[in-house]
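Data block below; observations after.
Order of writing sets the chain letters: A, B, C, D and E. Residues in each chain are counted from 1.
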Amino acid sequence: AETVKIGINVPLTGFAASDGKSALNGAKLAVEQINSSGGILGKKLELVVYDDQASPKQSVPIATKLIEKDKVTVGVSCSYSGATRAAAGIYQSAGVPYIAAYAIHPDITRAGDFVFRTSFVGEVQGRAGAKLAGDILKKKRAVLITLNNDFGKSLVAGFREKAENYGITIVNEYPYSIKDRQFGPIVARVKADKPDVIYATGYYFTAGPLVTQLRTAGIKATIIGQEGFDTQTFIKIAGAASEGVIITTSLDRDSSSKETSDFIREYEKMFNHKTDMVAASGHTAVKVAAAAIQHAGNTDRKNVRDSIAGTKLVASTGTISFNNLGEVIKNVQVQIVKDGQFRHFAVISDKKLLAPPTR
Amino acid sequence: MEYEISLLTIMGIAIIGALSLNLIVGFCGQISLGHGAFIGTGAYTSALLTGAGISFWIALPAGMFLAGILGIIVGFASLRVRDDFLAITTMGVVFLFLGIVRKQDFLGGEMGIAMIPDPGLGKLGYMIFVLSLALALALFSLYLKRSWMGFAFDAIADDEDTAGLVGINSARYKLIAFGLGTCFAGLSGVLYAHNVRFIDPESFGFVESITVLSMVVIGGTGSVWGVTVAAAILSIFPMWFQFIDDYKLLVYGGLLCTIMLFSPDGLSGIAGRIFSKAGRRKTDASG
Amino acid sequence: MLFLDLLIQGLIQGGIYALIAIGLTLVYGLLRILHVAHAGLYTLGGYLTLYLTNFTGNFPLSISISMIGVGLIGMVIYRLIYQPILEKPPFVALIASIGLFIAMEEIYRIIFGPYGLTFVKAPLQNTLNIGGTYLRQCEIVAILLAAFLISALTLFTRYSRIGIAWRATVTDPGMAQSFGVDVKKVRYLNFFIGSAMAAGAGSMVALINNLVEPTMGSVPSYKALAIIVLGGLGNVRGTLIAALVIGIAESFGTIYLGNILDRDSIAFALLILVLMVKPTGLFAGR
Amino acid sequence: MLRVDNITVLFGGVTALKDISLHTDSGDFMGLIGPNGAGKTTLMRAITGTVKPAEGSVYLQEKCLDHLACHDRIRSGIGLSQQIVHPFTSMTVLENVVLVAGYERTKNPMRSIFSRTRKEEEEKAFELLKLLNIDKIAGEKPTNLPLGYLKRLEVARALALDPAILLLDEPLAGLNQTEARQLADQLAELNRLGQTILLIEHNLGEVIRICKTLAVIDNGTLISIGQPESVMNEPKVRKAYLGEEHHALP
Amino acid sequence: MLSLENMSCGYGNLTVIDKLSFHIAKGSIFALIGPNGAGKSSTIMAIAGHVRIKAGSVFFKDQDITHISIQQRVRIGIALAPEGRRLFSDMTVNDNLAMGSFSLPRKRFHSNREKVFKLFPRLKERKEQRAASLSGGEQQMLAIGRALMAEPELLIIDELSLGLMPKIIDLCYGAISFLKDQGVTILLVEQNTSKALEIADHICVLESGRNVWQGSAANARKDPALISAYLGLTEG
């Protein structure tokens, strides 16, 4: 039978495999959900998945292949920024819509009007972090521990941008690389800085050891993380040290939204693994694509693009719409670790603060 | 067709990269684990220049030139340290390169450089351009191998001290090898940058250097056509092996390992054996 | 105070590096192989210890079994991969080793999953206050284990005459045999000890981070190479000192050079500087 | 021709050569003998620049070599055959010699890229192999060849440089008596044709038979130099070199 | 003491020694002579276990040693000073000697070393020097000394006089006669034919991997035809 195809490039092998797997699982769950409720346009939805090892070198031919050989209607990137940015140009020039699930490089959507992103650009979330620290928590002295890649850098750029507005002094910033797990020197220095809040960017595998080591050294300052922390594994790694860590993210575990709670429940059932933000992003991206195709009423790529641009969808990561650049507009969820679980802490919905870039 | 074009372009770029390393490793016997740095130098130079509005046709030689200069500087290191020490030093060069690029805002830092201008040849035109450069480099390599320079390289690769004792200025030859090799590495970097049109530090790291080296070794160090074939195959290996997706890297790693085990002299060794066997059979038959 | 803290952190890191690198030095020293896959054994050590600890609840027992197990696997790797290509030019073994390392990481990912694993109940996590410096028990144990294993190795090589057999085997295995050295045994033993030490390091790192990932060996794979080269290739004492030097340099460098160079580049910048002055490392081993 | 002025070589605490001065004339055939470890090879290495003397200078045809790198010294006119053979194992015996014979072509690396033909060099190399009686192994790789052949290959390579002076370090070792005699005759013949030679050798019989001058080094110092017969008759030479029990020439 | 029975050996597919037989009596000196490439070194290395024996057998002290491992041979009393010396070049003179006595209890090292130093005082002076930096002759002394450290019953020496000055050659031959008087059996390869004829009890002449003459040295000395034949031999 004929199907509607969505193409996915995702790192399934190599260093980025764990994120790739989560994102792909999220996407698979979305397909499962859609198909079990009748598919779209009366056809089944099908994913065409290729492993890109998070490498731009591979995502380029993959994009070409998805467009030309597999004739997908929409492309979804479940990969990192480099691979996504390189592929975005291909999709744009072929006139095929492309949705980045969680890659945060600002230039991705600048490839053109066929490229969208369902996750926050780093700056937006960074600004939310600043509001959280200064406005909600009323902290004054911040230390930044920055993951030295596009993710960490853009988050921190946003944080810095708004810090002053909320009365925060940035005492110091310490960069570290994504491969670091030992933060002894940084921790020693942070201790001497005596901050009252620490804005730490990173992924769960760097954040877990980092938080443990900060607490071991007797540092009591509040730790603010972001969506990179957002997985149960983070809590497992850091154990008791993770209690009280606050993060900005897209996924509200205590959400009253049916879409979100269904996602969390069904994900765990289907994959026997706790869900995380990356999985929710993959899920959301596919849902957005599917809804747009349904809405367009056919698989004409140009029509689908227009329909994506006009999206207004309740997804697992909140209510989604796009601005003229293709950047997502949605609220930022604030979660806190309590008794070994992420719990609702606050929602930031300040439209002006969260406005994504428009050019 | 576009898909095939993009694969062939990638292939051509990889062949240029591998042949350039072959000049250093295969011809002159100087092991280098840092080729990514020179490819990266070419890519960054051209990306910056064309980004600033300068023509691709100027950026291309500029990228080669700068990579070659950097290569000669590293070549000076090879005059001082040898063998495994050199291997690790060149590996250090790649990490240093990355470390510096990462922290330099004008190089895009961690974010890399996006929207690198199109050279304006069209996809097909670009592919033809890349493939003809690859062919030219292969021919040049073949020529070089048979020239007196190649002969002197052989001697240096074999035994540097003795080469000195028969009057060969191995320091100069080594610098030339590094200069030439890295200059062509720069070429492959330039071509890469304008093909993918996005570059970031990670694309030119240690893993990339090792990938190029494994093309050379699997092809058979020093064998021009062997290296060419190996680069062609390995560069699109991930695409070919999409169907075994989850096991792709496992197969790749296993393949590197088994080829080394069963044919340490690489493809050219395998081919050599097949031909000599075939040749023998023929003479058997006739005799 | 900050100075002292940084120094101590540098020593801890250096101690862990030493454990990994000394195993690698042994292998390099004997076979002249840049054994990148050593880091794969380090990762395996972490996984085994983690699984065993979660299963038995006994960390000392688990780490011992893991070290022995990984030591044996090291011997198998030697037998299957390296022995057949010993006579070939060095980069043959290097590429084989890299291939093996890639394959190992992928096998771990396929078997243990791509996500990091953690201890169900991580032992030795209590914090001790030593004169104003806070350290966890596991960090102290890591240092002690490094010190213990390395001194045991030094004594063993000195008093068992295995050291001299080792060195003789390096220069001329054939002649070493002719004077009664069982070269095969020496090589197996060497791989056993080297791999077991890698497993010890992997286990301690697993515990300190409470995290084991398929890719946890990627940094040690090349940093350990930098360390053994800095130490003079094949020189145990030199490796130990180089490991500590790099640990401390990184500790201070992260703070004072962090905005110019990242951590990995610091180690290599140091390495290149030293090699330009002393082309055969801090302590020539050959 | 070749002049060595007051050379002293130190290895850590060991003084390998003490203030040695030596001089060969054009067309000379000088034998250099001395006990094992006397410093003969070290002297040769000081001349070619592979060891740096603590003091002293080396001149070749009145040109000071002190600040030249090894390959430049060789190019100034030294042909060297080493005590421990070092053939290029990846090349055939013939190619070993061809490479060296092309010294003019490899002189300037930049120009070497533009020349390809090896015809002349091959002919010349083959002549040399014939001269040394190893032409029948021309096409073989040196890896497993007996030492006797490799020694002669070293000599052939040295000759391929058309050197002003030929430095030979124990070229006869590893050859049997017949072969040694043959090679010695060929050397004498070369010398007769005008080749200056400095020969280090333990095979006294041959040395005395073919050399025109004889120098003796003991313990890093030159103890005697002159006509072979008269030198060999000096008691201190006999004592150092032959041991007390020898009272007559061999 | 040592017998070869129709031994053939070689490398890969190449056979270099074809059906060689000889017997060496205990306490005698046996010399192998022949032109370059005749296969002398190959024979020796086959006895020491380094070259693959393809057919025939080797007996030592009435024990079949054709297939025993290399490292066992030194324990039953065979020590080797090979062609090219093959010293442990990165190790000091002292360590090289220590390796010589590796198969013996540790305390024998000192007493044996004293004996070697007495024979070659030069080595004592160079005790802490790296073997690779010794002069050619010193290296040869070390190679012989190292073999002696193993207290062999059968001492195998390839190219004894290579690169040695006459005085040391005499010294070495003196040492060999001395060892012979102590009951050590010696197998020599020697290019210097006259020397070999002088000292050996028995000789065996090899040519292209075949035994062309075998017998007592006394007979050989009396056989001018043989001497001229051998001296007249050219290689190949």
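We take it that contacts are C-beta pairs under 8 Å (C-beta built on N, C-alpha and C of every residue); 3 or more make two chains touch, one makes a residue touch a chain.
As the structure is a prediction and not an experimental result, all values here were calculated from the model.
Colleague: Could you tell me which chains are in contact with subunit C and with subunit E alike?
Modeller: Output, common partners of subunit C and subunit E: nil, no chain qualifies.
Colleague: How many hops, at fewest, get you from subunit D to subunit E via touching chains?
Modeller: 1
Colleague: Does B-C or A-B have more contacting C-beta pairs?
Modeller: Top pair by contacting C-beta pairs is B-C.
Colleague: Considering only mean CA positions as chain centres, point out the chain farthest from subunit E.
Modeller: Max centre-to-centre separation from subunit E belongs to A.
Colleague: Can you name the chain that lies farthest from subunit C, using the mean of each chain's Cα atoms as its centre?
Modeller: So the farthest one, by centre of C-alpha atoms, is D.
Colleague: Taking each chain's centre as the mean of its CA atoms, how far is subunit A from subunit E in angstrom?
Modeller: It comes to 75 Å between the two C-alpha centres.
Colleague: Distance-wise, how many Å sit between the C-alpha centres of subunit A and subunit B, to the nearest whole number?
Modeller: 36
Colleague: As a quick test, compute the distance in whole Å between the mean CA positions of subunit B and subunit D.
Modeller: Each chain's C-alpha centroid was found; their separation is 42 Å.
Colleague: Do you know which subunit B residues sit against two or more other chains?
Modeller: 102, 246, 249-250
Colleague: Where in subunit D do residues touch at least two different other chains?
Modeller: Residues of subunit D touching two or more partner chains: there are none.
Colleague: Going through subunit C residue by residue, note those that touch at least 2 other chains and give them in order.
Modeller: 106, 259, 262, 264
Colleague: Which chains touch which?
Modeller: The set of touching chain pairs is A-B, A-C, B-C, B-D, C-E, D-E.
Colleague: Which positions of subunit E touch subunit C when the two form their complex?
Modeller: 48-50, 69-71, 73-75, 79-80, 82, 86-91, 95, 98-100, 102-103, 106, 146, 150
Colleague: Can you name the residues of subunit C that touch subunit B in the complex?
Modeller: 28, 32, 34, 81, 84-85, 88-96, 98-107, 110, 222, 225-226, 229, 233, 259-262, 264-269, 271-272, 275-276, 279-281
Colleague: Applying the document's contact rule, which stretches of subunit E touch subunit D when the two form their complex?
Modeller: 11, 35-37, 83-84, 122, 129, 133-138, 140-141, 159, 162-168, 170-171, 191-194, 231-236
Colleague: Any idea which subunit A residues touch subunit C in the complex?
Modeller: 13, 15, 17-18, 20-21, 148, 174-177, 179-182, 184-189, 191-192, 204-205, 208-209, 212, 216-218, 233, 236-239, 273
Colleague: Can you check the complex and tell me which residues of subunit B touch subunit D?
Modeller: Those in contact with subunit D are residues 143-144, 146-149, 151-152, 154-155, 157-159, 161-173, 176.
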